[in-house]
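Structures follow.
Below are two complexes that have chain A in common, paired first with chain B and then with chain C.
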Partner chain A sequence: MAKPTAAVFSFTGCEGCSLAILECEKELLDVVKLVDFVEWREAMSERTEAMIDLGFIDGAISTHHDEKKIRQVRERVRMLISIGACATNAGVNALKHRYGLREVKEIVYGEAGAEFDTISARPVHAVVPVEFEIPGCPIQGEEFLRIVLDIVQGKQPRLPNYPVCVECKRKENVCVFEKGMICMGPVARAGCGADCPSYGAWCEACRGFVDNPNDEAHEEVLTKYGVTSEELLQRYDIFCAYELEERKSRQQGQR
Partner chain B sequence: MALLVMSEDYVRALIGKLMKETRVVAPHVREGRKQWQFADVVDPGRVALEYVSTILPPKKYAFPTEDDLVHWRTEEGFSAEPVLSVEPLVLFGVHPCDIYGLESLDISLTDTYVDPNWVARRRAMRIVGIDCLPDEWCFCSSMKTCSVSSGYDLFLTPINNWSEYVAEAATGAGAAMLAVAEGREASSHDLAQMRAWQNDKLARQRDRRINTEVNDLPLHFTGFADSVVWERWSRKCYSCGTCNTTCPTCFCFDVLDKLKLSLDEGYRSRVWDGCMLEDFAVVAPHENFREERHERLRHRFYRKYAYLYTRYGRPYCSGCGRCVRQCLADIDPVKVINDLLTEARKEAAGHGL
Partner chain C sequence: MADRKLSIFVEEICRVEGHGNIVLNASNGKIEELWLEITESPRFFEAMMLGRRWDEATHISCRICGICSIAHTTTSVRAIEDAFGIEPSEQTLALRKIAYYGEMIQSHVLHFYYLAAPDFLGVPSVFPLVQSHPEEVKRALRLKRLGNDLCKAIVGRHIHPCAYLPKCMPKLPDPKALEDMHRRCVAAREDLAAAVDLFATVKLPDFQREGEALASWHPDEYGMYECQAIKSTQGDLTERRDYRQKIHEYVVPHSHAKHAETEQGAYMVGALARYRCNKEQLHPAALAVADRLQLDSYLFNPYAITLAQVVETVHSVEEAIRYLEWTLGRELEWEDWGVKPRAGRGVGVDEAPRGLLIHDYTFDDDGKLTAVNCIIPTNQNLNNIERDFHALVPQIIDRPDAEIQLLLEMLVRAYDPCISCATHLLRVEIKR
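== the complex of A and B ==
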């Protein structure tokens, strides 16, 4: 079997997920034995016109230019994989939805804002079909490598569908709530090894939610810990603003 | 039975002596809070002798959260070798509930298939038990696990307000520890204090009890699979599996293949799993036979208090209270069981019984 070709395309975001792949320094020489990178802005100057087997996308779709470009990329890629919070659920880009687009442009750029092309931030899957999504802000190198291995072997890659609490408890961390902070861990998708709670922070759900989070239970618990509904929304909003919008419209569709 | 009364200093000196021969693990304060963790002893002065409960139970030393089972390679043809690292270990300062937990896993992990990793590590393990006082979550008196008569080499009961400990050796290994320990002879007054300790433990749980005898639990669970109790409590449940992860008697695991990027070598490993997690019961072709939250909650309770009880003759619950102590939603087995008993009584009254 010929070695699959691979490319990384970056959209609206910090390109940190593209960097997270480069940071797999010890493994990169093994990775390039499995796939041939043919286009990757952050890592190489070469470009290609040919069909690409594996296309990794980081960044959200947040301008008309992004939208046009992702449609073109989709045409050239056999298997499209979103990587990172921005590409998988619009990430922090969707925070701007709290405001009107005109207001957002003015806040960020002042009078010059009128010149900027910005649209509502969307994940890649909201614009073109994607074959798989690797969440996280940024992605975990180890998980990326495992998923590349699965794909190369023709296996269906899988993500954990359990909350961060599982990995946090395995590390015997004192619960974030017991330290007087609040945490999204009980509803957030694991796979990060509970990094944030392990270093004294709280989980912001950068990997999005588990398939079926118990929001009612979480609201009850947060209320018990004295969190107001506005603060609650702010916690959900950091990385999951778009996911919440999506869920709301799905629920309305069901009614 | 060899008995010795040791001061706290002598107990710590004994830990120091054991450390010269063997790796010793014991409870330590975690992150400066009223939470503890079994960890390697570096300084016997830092071991927490008076503690309530560790976040994870000591089973992690025989059944780690992640454990490589098989290493395989294709260099010079396919070969696969079992992986097992075992070293002699002293578990120092184990509470009776956790000794009960280890003994429970001795039964279930050697039942139909003898788990070689568990057995090898347990054989290399010496246990020094220590008695404790319950907090507001412990319910060992309901499970009858406040004291144990086996499963340890040496057992320490605090007396004189934790200033001294009565050490009792139960095995040759325990007697060997006593032989190198310093202390004084036990008086009848010391022995009376030992008995008083047990009574105190029970008394402190007088208002926190299941409203039945523990050996009646399998009977009470019979016929209540459709009870409203399961749905009621599951509404609060995150399905985060914290009760599974922290449980001293849970032993379910998932098996994963970890392939090296070179493709010519890999490990088959197991990681802890939990029946409360949504994907626990997913089978091919992505069929989940416990898809609903209440089905998973019910299953866990039936495992603990009915299925395994019937199979092995003991509850698969040590009453250690970790599950509720760590549960953000306060799902408390004592309250759930009592709720079930109340519903059962209502139903019986409905039948004119």
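== the complex of A and C ==
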């Protein structure tokens, strides 16, 4: 079988996620073994006209231009895979929603900003259908490679649906609540190997939450440090502002 | 060359992080339109950070850029420390610098090997080099991995570090990892020597334009992590907190965006700017490389930024070795984490790989941000790139379109602009 072709397309983000691919380092050579990159503006000058098998998207959709471009990209690829918090969850970009769009333009650019093209930041799946999402800010190289391998072999990739605390306990880390920090680990989606607590810092749920934070939270940690999952959900919304907005409108809809 | 119409529109310049277009329209050898257009989506970081707690400030602002997120983290943390009156210990500074130089190494290597070298070797990207120059590619990967692993050993990861906090390290690094890093840094000298050999054969496009350059300055070391004042090639020094007296950010009505300039006009920041301001303070090994690459004869040639990055990589590896040795020579002490916010203003200034970086924060009593200003290297350089364009194009206008296009693209790439850094847009309207 011929190697599948792949391309990376960047939208509104810091491009840390496409860098994370370029940086699978030793593994860069391994990625190249799995797929043939035919288009990737950050890394190469080549472009293609042919249909692309795998299209990796980093960045959120936050301008009319982004919106138009993602629809065009969708036409050109067989499987669309969102990578990173920006693409899967709007990421930090949704933080601007706290203020009105007119207001953020004015805060940064003064009156002259009024003409800027900006719309509410949305994840890719809110605009076009997406085949798979790889979370994280940034994505983790190993997880990325594993998922690409699954896809190339025709298997359905999976993400863990248990909290970061589980991975953290497995590593026998000292819980950062002990240092007076507040950690999102009990409600955050695992898969990063509890990266932040392993280096002594709190988790900010850059991979989003487990599917049902109220039922699937790490109860033992919550009880021990006297916090509730609802409190935690509000603590750091750096990466989950969009998810929380959606949650709120769902809850309101149910009422 | 009568009646020649030239129209170049390079959409989304390749091998530049971020989104930018080059627009050039000329008729009969006269430039009608020429600029670098930034199509990167505006991201509004300064607004997104308002009202945020201090413990979120760094983790939001480092998402400005994935390549220099350690530099953003450094600047942000220093602004917070400045505001809260925190003086980190010598040990914390030594550890941070190991990670900081790690990023400098990875970012420079990414640029000169992955993004610029294909131009010099005449191929469109790094991928064909895997076949044609396997040794070079392996070397590049080793060096870049070294940079990344220096970051990883200290602050967990190099793209958006999770464990780089104000006051002290939340966890002490594993001494075995430090020993391993030391060994690898020493071994990297050989890879770097080979890189120097490669770049010594490179012929730079012939171009010069004199102009002001700004860089961080510190009395004790080559201004990178440390910055006591902002130094100009005009000879003046500006205190960190007074940066606004030197650098004017202003909104250009017709382009709807902030520009940065000094009284002299456009200025340059980055590796060549640092070299021009502070080269006497470089490590002797780096100075020897500068000599070998004849950097002093290209001080006003922006294409030489790539060479200055090679020089600075040598410096950064030597600095990493120095701080690793300092760290390995003692028992590391555990420091209690605990930051007490207070109201006030704090300014962090240091050098990102691409140049001068400033974060200016004001906090209220609860440690929430009430004012934020970030000045980013790429924004400062965009103005200078356009000035270069205008000086360069008349010199090359008689050459074939493809060559003009390549020279302009290479010029933009030489500045290594990480346009996603441009928290302020340069231009929004596409003129036709």
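Here is the rule we go by: the second predicted complex is superposed on the first by the 229 of 255 C-alpha atoms of A that agree within 3 Å, B and C clash if a C-alpha of one lies under 4 Å from a C-alpha of the other, contacts with A are read in each partner's own complex, and residues count from 1 in each chain.
In this section, a contact is a pair of C-beta atoms (placed from the backbone, for glycine too) under 8 Å apart; a residue touches a chain by one contact, two chains touch by 3 or more.
These figures come from a predicted structure and were not determined experimentally.
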item	value
Fit or clash - chain C, chain B, common chain A	fit
Touched partner set for A:Asn214, first chain B, second chain C, both or neither	first
Touched partner set for A:Val166, first chain B, second chain C, both or neither	first
Partner chain in contact with A:Leu145 - chain B first, chain C second, else both or neither	first
Contacts of A:Glu178 with chain B and chain C, given as first, second, both or neither	first
Inter-centroid angle chain B-chain A-chain C after superposition on A [Cα, multiple of 10°]	110
Chain B versus chain C as contact partner of A:Tyr199, first or second or both or neither	second
Residue contacts on chain A - larger count, chain B or chain C	C
Superposition-derived minimum Cα distance between chain C and chain B (Å)	8
Doubly contacted chain A residues - partners chain C and chain B	179
Touch list for chain A against partner chain C, complex	10-17, 19-20, 22-23, 25-26, 28-29, 32, 37, 40-46, 59, 62-63, 65-66, 91-93, 95-96, 98-99, 103-105, 107-110, 112-113, 115-118, 137-138, 176, 179-181, 195-196, 198-201, 204, 236, 238
Partner chain A, residues of chain B touching it in the complex	30-31, 33, 35, 37, 54-56, 65, 235-242, 245-246, 259-263, 272, 274, 277-279, 293, 326, 328-329
Touching residues (chain side chain C, partner chain A) in the complex	12, 14-19, 39, 41-48, 50-51, 56, 59-60, 63-67, 69, 110, 114-115, 118, 124-127, 130, 141, 144-145, 148, 155-157, 159-160, 162-163, 165, 169-171, 251-253, 256-258, 337-338, 418, 420, 423-425, 428
Sites on chain A touched by chain B in the complex	27, 30-31, 33-34, 145, 149, 153, 161-163, 165-166, 169-170, 172-175, 177-179, 185-187, 210-214, 216-218, 220-221
